[in-house]
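Here the chain labels run A, B, C and D in written order, and each chain numbers its own residues starting at 1.
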Amino acid sequence: MNTLGKLLTLTTFGESHGPAIGGVLDGFPSGITVDTEYVRECMQRRRPGQSTVTTGRQEKDEVEFLSGLLDGVSTGTPIAFIIRNTDQHSSDYDELKDLFRPSHADYAWEQRYGIRDWRGGGRSSARVTAPICVAGALAMLAFRKLVPSLEITAFTSQIGPYSTNPENDMDYTTAMAESNAVRCPDGQLAAQMEGYIKELRKEQDSIGGCVTCIVRGLPAGIGNPVFDKLEASLAKAMLGINAAKGFEYGDGFASALQRGSEHNDAFRMENGQIGTATNHSGGIQGGISNGQPIRFRVAFKPTPTIGKEQQTVTRDGKETVMAAKGRHDPCVVPRAVPVVESLTALVLLDQYLSSK
Amino acid sequence: MNTLGKLLTLTTFGESHGPAIGGVLDGFPSGITVDTEYVRECMQRRRPGQSTVTTGRQEKDEVEFLSGLLDGVSTGTPIAFIIRNTDQHSSDYDELKDLFRPSHADYAWEQRYGIRDWRGGGRSSARVTAPICVAGALAMLAFRKLVPSLEITAFTSQIGPYSTNPENDMDYTTAMAESNAVRCPDGQLAAQMEGYIKELRKEQDSIGGCVTCIVRGLPAGIGNPVFDKLEASLAKAMLGINAAKGFEYGDGFASALQRGSEHNDAFRMENGQIGTATNHSGGIQGGISNGQPIRFRVAFKPTPTIGKEQQTVTRDGKETVMAAKGRHDPCVVPRAVPVVESLTALVLLDQYLSSK
Amino acid sequence: MNTLGKLLTLTTFGESHGPAIGGVLDGFPSGITVDTEYVRECMQRRRPGQSTVTTGRQEKDEVEFLSGLLDGVSTGTPIAFIIRNTDQHSSDYDELKDLFRPSHADYAWEQRYGIRDWRGGGRSSARVTAPICVAGALAMLAFRKLVPSLEITAFTSQIGPYSTNPENDMDYTTAMAESNAVRCPDGQLAAQMEGYIKELRKEQDSIGGCVTCIVRGLPAGIGNPVFDKLEASLAKAMLGINAAKGFEYGDGFASALQRGSEHNDAFRMENGQIGTATNHSGGIQGGISNGQPIRFRVAFKPTPTIGKEQQTVTRDGKETVMAAKGRHDPCVVPRAVPVVESLTALVLLDQYLSSK
Amino acid sequence: MNTLGKLLTLTTFGESHGPAIGGVLDGFPSGITVDTEYVRECMQRRRPGQSTVTTGRQEKDEVEFLSGLLDGVSTGTPIAFIIRNTDQHSSDYDELKDLFRPSHADYAWEQRYGIRDWRGGGRSSARVTAPICVAGALAMLAFRKLVPSLEITAFTSQIGPYSTNPENDMDYTTAMAESNAVRCPDGQLAAQMEGYIKELRKEQDSIGGCVTCIVRGLPAGIGNPVFDKLEASLAKAMLGINAAKGFEYGDGFASALQRGSEHNDAFRMENGQIGTATNHSGGIQGGISNGQPIRFRVAFKPTPTIGKEQQTVTRDGKETVMAAKGRHDPCVVPRAVPVVESLTALVLLDQYLSSK
């Protein structure tokens, strides 16, 4: 249940306000040099508190590696790592003990397990994505050696009414996305998004959005039909991110409006290589990469935690009213960007290893 | 790779023009009475050639059960079944042997395996979804005993420019959807869709669309966070269907435009039970069912097989032109409806068994 | 439950007296030429009725391949195959419907599933090993291409009081084992075993025994610690064979009597290669092959089906007496030999594929 | 590779001389009260340095729980735990960096991964069984609630020439086994074993042995045929223990000498319940428990680390001589006892959860 992948498996653990969160990455190739500073930076990218647009919790996260490395080189044994939870003001959440927050996991989990860790969302907190970023960074380091051409770029493509034009998708770079707090590669749009988020914070409200991800340099022939298709594996991983509500690749939902004659990607020769004239397919055909860039988009709902008053019920079935206290993150999308990138790296490495 | 599920596993096999296709359903509960006529009907629903709007291939499919049943009752051992391929005019496909059809799996698969079964699409043919429908029917029979309240309704919600209004989703029934060839529960819209498809057939072109699925009666507490979330498992299963390009649940991509104050589903008491005032979440919160109807949508691209001329390349790298011969199905969406229903039943039964 | 392996998976199905038994082999490498006559011979080796020492049931088994092959070459898609059950005199077993045969699976299975296929042992019949032999033959064909040096030799090393001397293990060949009905490579011993079995048949009794298996030519470095160790995977596969009661590799249980100074295999140089002076380890150290021959032994209990009268109880809890009718196989060991070989090939190919 | 189980999964990690070892137990039932002191004691049982007969390394192990518990009660989320490595004198092992110790994993692992953690055996050290004991203790706590009748008793049944009589197996208790340093429930034999081990220590040599395990109180109907049989799952788990060379259940290898008429367990009525007159089967028939006590035995080779001089080769292929320095454990069997018990609890809980 808490394991992703087949040959390369990531098992994560930990609750928001327990002693620590972490993960075990098994099946990782041996002989990969692990630049721990790079891993730390990747993990830090997802943490909140980096700017005016994100949440107030200051996570001074440090990742500690417990196994699988010898003098900084992977040995082929499981790489375990933990991140201590330092900012554990459980008492902030005391009022949550006995009521169900609207559109949070509280009620469903209590129905499933008969018990739930109510402190800060417990295991359903966004904090559980930190170990994914650590593992994703390791996967990227493996690709540096195995497929140096591989490049994964994720960015914020929509926040509420502000969205990038998909036609520009291929022009955006990681550097452009990382140049601002909302991780939108279009600077002008980024400024509008920032302003919009600040306004929402004042209104004690939140907003949804989308992340787009582009993968360049993956060779053709990676994937495992029919149930472990590359796109199906990506979809599963992405829908596992907190607040994710949708996944589409290539032209996605827009394909529903297209004719075969416009959607089909004609094959042609390019410098002696077989390529396609267009890429409506998004780099995957029949579950397997075709050598063109992979392009997909993930939709996120607005953060359910808002300062406005909401109707809800208590555990013993009494209707009541609640309003989240403190400073909240009106939009999870910028923080989801590194998580999308990380899961992409993990899925691709797993599929790469089992396609060889 | 060809297995779906964890406790309840479906392994499928078979190529379009080999001797047979089929599946093995393992982990199926014992003591379930299997109405083979019902299973046959479920499988027949997906076959083409039923009406003027679908493809010309007449599949007179018969399912043969090979194991797992004693006097029509499941014994807990694997239920294997096969469907013979009778309409095997491989020679129709001779010209496909040496070229790659645009937006088909041909090229990617050949890069993966170094060889491909070119006859009628081989394993990437839509025909491979027939075993899914057989297994899905078995899963529905199991639910009749385990969760009699469960009801799964899938229907065509979009074909090209014609689409139903999501606000009516909850009013549609399986009977309404099955009353016409395009499986759209809105009769007027269905007529327009049929006319549109006929037109496209004349133009030798194809069109994309969407299937919407509603699940009623699933109790709260079914699902397995964090990587095997209910929605993630559904997404993976749906993206495994041929031509699927996107998945969204609840308000899906529309959530990107919503504020928390409009998206959140307030809890309230309903006849002594905890329920929600709205269902933007689509019946799942934090990966687990919350007792409200599950609602999701799957996008499909237009059938890549079209009669119009297309640019492509041969296996030895020469640019050429091709046009698919014969009568083709301009829209796979109506045929995808029973596949969506079947995969939903399989995913839910697997999650149900592992949540108990 | 009915699936063996990780990257290379074999899912089997079928009951003794249902329509058919069979299997699906997934993850099999593409581009392997499948000599179906060889596969048929491998499967025939395990069938009873070949000689005076085995059971009377004449299984005229024919294997039919349903998928995964194109012009006799594997395509990388699942290879499904079935073997029809032709000798289905279920009525022979009518008396078994309502009682539990001693030391058969009848009682335990009914406790597990609440229902059981009582006809000829159903899914717990020795007949279910036939699909294993088909799949094992395919694995051996894959090794012919991938590791041509690989050679798997299994033979009967014990039947009741007659047993080979382990010191001769490395001298035996498949040809020697296959030269007689009991599959014992020592001709003199084989004659004694045959005589002994004939005597037991007259006495309406049965006898246990052992199979020894030697693998030559597997390169060093194959295996997956710590829980999927090569020896652990072999042990699991072997204990899955009907009537298997024990597994040991290298010096096995005899190691309990040894000192480190006698058991340890000293490393030494052999023609510029690292080898060991002895092979008490049985070719595996720390879960991974070390390049020396792999050697293991499997113990089998006597066939539980005997003609002698036995005490038992009926399904409704009445004590009674039963005696199996007809002609029975007093010793399963010779028939287990090809099953041991087949499972070895499957386990090694799976581990080989995931160790690369 | 480093994960055991299906519904209940244990993933372990860690090297002997890395920062920590540990594990993640996923799929553990919610609502189980975890007595951490009990867990600590279970883990301490396997640690060396407890008496004159075991190794000199003083492991002051403390287990730290990182997740999955709320106020000492399991929540259904992964339970992660770590044990810090405190006694890390890596320099003691410097000489091992460039040579392969006979009958250790050194050479095979280096062939597999191209690199190995040479410090104290790295991941192939016996120390990696500590997390198994922690997880096993948790499984036993779950059984206290789920199947209070369950009782698992493992003990040393053989050390070199000294062995218990299998006929007494059912008379031994955990208290008897734990009353002496070698964990042999026969006090007189225990004294002889202790004396023998002391002698071997003087001789700088080591010795093999066996552990027997008895499970009482498991209900009939637990197990998953045909490849995940209860005995096959136990065999796999046991062969995963360091130095294990064999597994047998019920009459095991002795069955090879028996006739059906002596081996078969006649069914009879006992206080209105169906039982068996004998238990040659060892409590399992056809892969599923039959309600009788489960009985199996595991063989261990002598510790490969000995003080005597041994021939070996260096990594660059030069023949040399080595002798392990320091104080070594001449017999791993007493320390394997709690590991056998723990793995048994884990396998049974996993099978129990998937049989319901």
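Everything that follows uses one rule, which is that contacts are C-beta pairs under 8 Å (C-beta built on N, C-alpha and C of every residue); 3 or more make two chains touch, one makes a residue touch a chain.
Bear in mind the structure is a predicted one, so any value in this text is a computation, not a measurement.
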Winner on C-beta contact pairs when B-D is weighed against A-D: A-D
Distance from subunit D to subunit B - Cα centre to Cα centre, in angstrom: 46
Whole-Å gap between the CA centroids of subunit A and subunit D: 39
Overlap residues in subunit A, where contacts from two or more other chains coincide: 1-3, 12, 77, 112, 123, 225, 354
Category of the chain touch graph - line, ring, star, complete, other: complete
Touch list for subunit C against partner subunit D, complex: 1-4, 12, 100, 102-109, 111-112, 123-124, 128, 158-161, 163, 200, 205-210, 219-229, 231-240, 242, 244-253, 255-261, 263-269, 272, 274, 276-277, 280-282, 284-291, 299-306, 308, 310-313, 317-319, 330, 354-355
Complex interface listing, subunit B residues touching subunit C: 1-3, 9, 11-15, 18-22, 24, 26-27, 30-31, 64-70, 73, 75-80, 82, 112-117, 122-123
Residue numbers on subunit B that touch subunit D, as the complex places them: 6-7, 77, 225, 354, 356
